[in-house]
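You will see two complexes here that share chain A, one where it goes with chain B and one where it goes with chain C.
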Partner chain A sequence: MAVMTAPAPVKAEAGVSPKSRRKIRDNLTGHAFLIGAILCFALFMWYPMIRGLVMSFQHTRRGVTTWVGWDNYVRIVNDPSFWVAWKNTFYFTALALIVGFAVPFFVAILLNEFRHAKGYLRVLVYLPVMLPPASALFLFKYYAYDPSEAGLFNAILTSLHLPTSEWMQSTTMTMPAMVIASTWMNMGGAVLIYLASLQNIPGDLYEAAELDGAGIWKRIWHVTIPQTRLILALLAMMQIVATMQLFIEPLILANGAGTQDSATSVAYLIYQHGFFQNDLNGAAALGVIMLVVLAAFSAVYLRLSTKD
Partner chain B sequence: MTRTLISHAQLRRGRGRVIYWTLLTVVVVGFTLVFLGPLYWMVTGALKSGQEIAQTPPTLFPQDPQPQNYVDAWTQLDLAKLLFNTFYYAAGAVLFQLVFDTAAAYALSKLRPAFGNVILGAMLATLMIPAMVLIVPQYQTVIDLPVLDISLIDSPFAIWLPMVANAFNIFLLKRFFDSIPEEIMAAAFVDGATPLRTLWSIILPMSRPILGVVSIFAVTAVWKDFLWPLLVMPHPETRTISVGIYAFAAGTPQNVVVAASVIAALPTVVIFLIFQRNIMSGLTAGSLKG
Partner chain C sequence: MSVPQYRKVAALALVAGLGLSLTACSTKSDDDGSDAAGKVTITVDCQPVAAQKELLDNWNADVAEFQKQNPDIAIKSISVGQQCNNPPDFTARLAGGTTTDVFYGYMTDLQQVLDSGQAMDITSYVSKDTVSTWDSVDPALKEVFTDGGKLYGVPVKNYSMGLVYNKTLFQKAGLDVNNPPKTWPEVREAAKKISATDKSVAGYAEYSAGNTGGWHFTSLLYSQGGRVLAEDGKKAAFNSAEGKQVLQNLKDMRYGDDSMGSRQLLQWGDLLTNAAAGKVGMFIGAPDTTQAIVSQFKGKFEDWAVAPLPGQSDLGKGTLGGGEGYFFKKDLTKEQVEAGLKWIAYQKLTPGKGQFDYVRAKPQNYPVGLPQPLLFANGTEAQKQEFDLRKANANVPVENFSLFENKQLPIVGEPRDAQAIYAILDSAMSGVLTDPNANIDTLLKTAEEKVDQLLAAGS
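Here is the complex of A and B:
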């Protein structure tokens, strides 16, 4: 009997049970481990998020900051380059979705079928990802998109007896040319991710489809695509967000705005306002607009992709 | 090997075999041209003279190689300094990310302090914010840090600290730590190990693959980043390689710029080719599976 009642006084004496004391200690160590990351997030993510929103409603001149309501937004939207930039950005995103999204998927399907040279082909596709983007873009700018017939692309077109193009100097080819360069530079990552998910598809699904008489295209349509749907949806979303931020391609390939604003993008406009026109508030407002557009886009997209 | 779209048997027999080998040859040749071709063009193009590069039709080999372009690029653009800077920033970024992000992921996964899920949620929410949206207020923060009132311009911390705020890596690490059985942790605590000791001696040795992936991501992120270093490292002495080439391009002959681009690309390409087996398997295993 005495043995059973013995532990009780200890508990009462401490005031806090050992269990909850351990809990507090665990909490303290837990938060101690988190503190470095939390500080960095607070300083470089959470605080700038709020600050950007606040800045977009303010105006700063000679160190004096005043609240100006929607003024910055009105000014930004009334700027003619605002609409050109959005038109270009959407055009780029649409092209990049058609080319930059479909091509890596089919490349991955193709590579997954091969039993030979697989490693070599994977390395090849990933190689451009390892280049600094400035390196890759100068290569395209100076050598591939040279508007004379000495340019690589024009030389190929000439040898095939096709009409040449002025590429970056033409207003119509700027965007397609940027999509080609950007796809070449970036597709390796997507191909690797698709390859990993293609390898997870159970082989008997193809077996069954084949027994049912499904040809190659039907097997892709009814087995491959549904089985990789989640990854496809995720990468499509990431692709949209990434391409909407089109910046370095116009800056390096088209010297910024391109011929007659054919390369101006929303991101480039943010950079212009923020760091050249000394209009930080306008740049902040543009950032908020970009965020709202992307959020709306994602909401619609999520709705559509979860419906069926 | 499990079967894929087309069965093995079909590929090994008669017509299937012919198609397979034809297609494989076409793809190997085509991919080599598309992905290696431009690199060849870049390396040899930088050896050509200004006249030769403007010649139609273009020459396949440099007729009169001018290695001087590479020498000019190396000296005029001070590439040694730029390369050193980039390596220094990349190494620091790996270190800072590994220390702070693994600690945070470990806390969120194993120690589970109060409000842990709220904090994780607030971190993950930043993934939805495109980098371009925050560029102006982030820059404002860096030129005048709140409370401390110091500027990080031209300081490597302007690259290292924001790299820690990487929700994707914390999420990757947390998911990996989640898969380490709870019993191992409990056993360590019963033996009297502190949380730090458990992290160091038990969790980290088990997590080598994911730590490798995070390190690769950190290095490539610094190597490929452009706008942020352009803004926060304005001084020629502190520039990264990408920004340096861009800044010099305006007043430099094309061939010299391309020669500089080749030199800039070499370190990562060589590292990649040496470690490609590990990098590839690490990336595919660590990337969005399941």
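Here is the complex of A and C:
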């Protein structure tokens, strides 16, 4: 193994100043650990990414791999499911930003306002995060979203004399239902981050606002939001990146594509191409497209946040 | 040793360990399948998982007995959970080149295995000399594993679809259990009567997710006389009068008659769970579906019977057939291929042994008496032996399968790129089962465009 046998430090000593040599020696442990981490990253993260990129320009047939240029990309973009998947994914992301982003923030503000039983309430809110996602989603699938009147949500709606829904079986309700489940599952983590951020806001700011006659909404608008702006922006970005990789919700709640492709997400389409259609090259091309879109989002965000 | 020095040594040891393990991973094995004692070693998959205790015991007993009879062969059997009936798992192993020397595949998998470049041409190895019952194996099944005149796999199991019905629910609804529906209009009437007795019961249940919707659409289409692909396999052919009839029938039952229950988007286990709970009157499936209902979902054999697949005005014009077999990994040595064939012959293709060891299976929780797998052609010696053994050791009510067994419909194989096509057709099935306003023409047209594109990309 090169890491073990390369006599790099000895060779380097000839042209390296004693100061640098000492620096290297002092940090040997750190470097040694770093090499391990880099190797792991290289093997399990970077290599698969590069391999995916290469595969997206190749086609394998009868064990023979040929370079096909942009063919896989053209084919993937012309797949009738391609735009459906992007539309669904953006729709989910937009809904998740409105619901999944706002709800935890307001829950955190509420929790922050409570004077008693704070720890207990925090545990309650965080509890769903501890449930494995598959188990949580199966609960929603079989109990909450049961399309008959026996389903939990339909029973609630019936008791309120409201019309029931077919939930995952309805083309219009599929996405909102997935957002509800996803928000419930993931809210705890975000709430804790917001809470930590809220508790860092100096109390005298609120006191000053109160003295100026600001009510609760004005205090939130003029003190809380500006003071938590950075963390809000960061979590918004993370929310976009995470929700655009929507996969486990359609896979479990909608048994894959859902009714008439209403749950097909880009990540699920990658899985379908790769593992059901035996089209690993097409799946790789779609993966690269997704990477580019997410990278573009991140770049725009970074640009905006630096300007700020 | 001072603490910082100790830490440095520990860190270097860690890195060295990682480095060495990586090197070990990347070392290409030059194993020719023989050990020092001259034994030929082969790896084989689909060993039952630990939870299937009796099946695993049987498998281990077979391996031990086989090795005793063949001291020059060592079988390394591997079990990786769902790998043997889970298409994504299979694709991943194939793509990663981590299949065993002798590996399991569906009858629909040949093209995928060939595309991966992992299949070995075993034409010159397979004969009556290496597999004693080879001449009795149904030629149609051999054909499924043949491409361009070359044989790439050995069939070990097959199935065909029929109408599976719950006798208890039939009786409750006042239906004749000995005279189940023969046509789809009769299925519709019976389903209405069954669900009328209990609203929580689906008179007839159907799949529409996880590729199983497309799989059953194909079967329903064959029963009407339709086909999924054109003769040359280059275009979709399901956007036809028969295809429309299939979807119209389901839509009428779901929304016209309200006889299919409210929960849709079902995939394999969902329907069988409901069936085992006594909530499904009829569905289409192979006889071994009842085995899954009993062993996996805790239903009762006595409740279930199987009839031939219905058609539109008489019994079905055809029925979907499929099954499984074993492939051989490319670059095996001659000795390994021969050893693999010997093992498959012993465990899968010999009446009285392995999967056909009915004497052993009879007292176990494993059904004997189901009219499948049918591997051997009619009139052959192996078929007669297997049939007699099965009858003599039956532990399930065989009369429940006699209607199906006595009236074999013409078997039609699965289409090329079956799994990908099934995934597309799921959408058409979910459309008519979840949307009262679904437009059948649009659903079929969209699916047709997708399948044509898929076929064009693969050709």
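Heads up, the rule we're going with is that the second predicted complex is superposed on the first by the 272 of 308 C-alpha atoms of A that agree within 3 Å, B and C clash if a C-alpha of one lies under 4 Å from a C-alpha of the other, contacts with A are read in each partner's own complex, and residues count from 1 in each chain.
Operating definition for what follows: a contact is a pair of C-beta atoms (placed from the backbone, for glycine too) under 8 Å apart; a residue touches a chain by one contact, two chains touch by 3 or more.
The structure displayed is predicted, hence computed values, not measured ones.
Enquirer: Chain A residues in contact: does chain B have more, or chain C?
Expert: It is B that touches the greater number of chain A residues.
Enquirer: So, does A:E113 touch the first partner chain B, the second partner chain C, both, or neither?
Expert: first
Enquirer: Considering only the touch criterion stated at the top, classify A:T29 as touching first (chain B), second (chain C), both, or neither.
Expert: Both partners, chain B and chain C.
Enquirer: So, does A:S170 touch the first partner chain B, the second partner chain C, both, or neither?
Expert: Touch status of A:S170: second partner only.
Enquirer: Once the shared chain is lined up, is A:D261 touching chain B (first), chain C (second), both, or neither of them?
Expert: second
Enquirer: Could you tell me if A:D79 is touching chain B, chain C, both of them or neither one (first, second, both, neither)?
Expert: Second partner only, chain C.
Enquirer: Scan A:E207 for contacts with chain B and chain C and give back first, second, both or neither.
Expert: Once the two structures are laid over each other on A, A:E207 reaches chain B alone.
Enquirer: Just chain B (first), just chain C (second), both, or neither: which does A:F275 touch?
Expert: In the superposition, A:F275 contacts both chain B and chain C.
Enquirer: Which partner does A:G63 reach: the first (chain B), the second (chain C), both, or neither?
Expert: Only chain C is touched by A:G63; chain B is not.
Enquirer: Regarding the shared-chain residue A:L43, is it in contact with chain B (first), chain C (second), both, or neither?
Expert: both
Enquirer: After overlaying the two complexes on chain A, where does the chain B footprint on chain A coincide with the chain C footprint?
Expert: In chain A, positions 28-29, 33, 36, 40, 43, 148, 271, 274-275, 280 sit in both the chain B and chain C interfaces.
Enquirer: Could you list, by residue number, the parts of chain C that touch chain A in their complex?
Expert: It is residues 4, 7-8, 11-12, 14-16, 18-20, 22-23, 87-88, 91-92, 95, 111-112, 114-118, 200, 208-211, 262-267, 270, 330, 417, 419-420, 423, 426-427, 430-431, 433-435, 438, 443, 446, 449-450, 453-454, 457 of chain C that touch chain A.
Enquirer: Applying the document's contact rule, which stretches of chain A touch chain C when the two form their complex?
Expert: Answer in residue numbers: 1-4, 28-29, 32-33, 35-36, 39-40, 43, 60-64, 75, 78-81, 146-148, 166, 168-171, 254-261, 271-272, 274-280, 282.
Enquirer: Within their complex, state which residues of chain A touch chain B.
Expert: Interface residues on the chain A side: 26-31, 33-34, 36-38, 40-41, 43-49, 51-52, 55, 109-110, 112-117, 119-136, 138-140, 142-144, 148-150, 152, 155, 158-159, 184, 189, 192-193, 195-198, 200-203, 206-207, 210, 216, 219-220, 223-224, 231, 234, 241, 244-245, 247-248, 251-252, 266-267, 270-271, 274-275, 280, 283-284, 287-288, 290-291, 294-295, 298.
Enquirer: Spell out the residues on chain B that touch chain A in their complex, using ranges where they run on.
Expert: Touching chain A: residues 1-8, 11, 24, 27-28, 31-32, 34-36, 38-39, 41-42, 45, 53-58, 99-101, 103-104, 106-108, 111-114, 116, 119, 122-123, 126, 128-141, 145-146, 161-162, 164-165, 167, 170, 194-195, 199, 220, 223-224, 226-227, 231, 241-243, 245-246, 249, 254, 257-258, 261-262, 264-265, 268-269, 272-273, 276-277, 280, 283-285, 287-289 of chain B.
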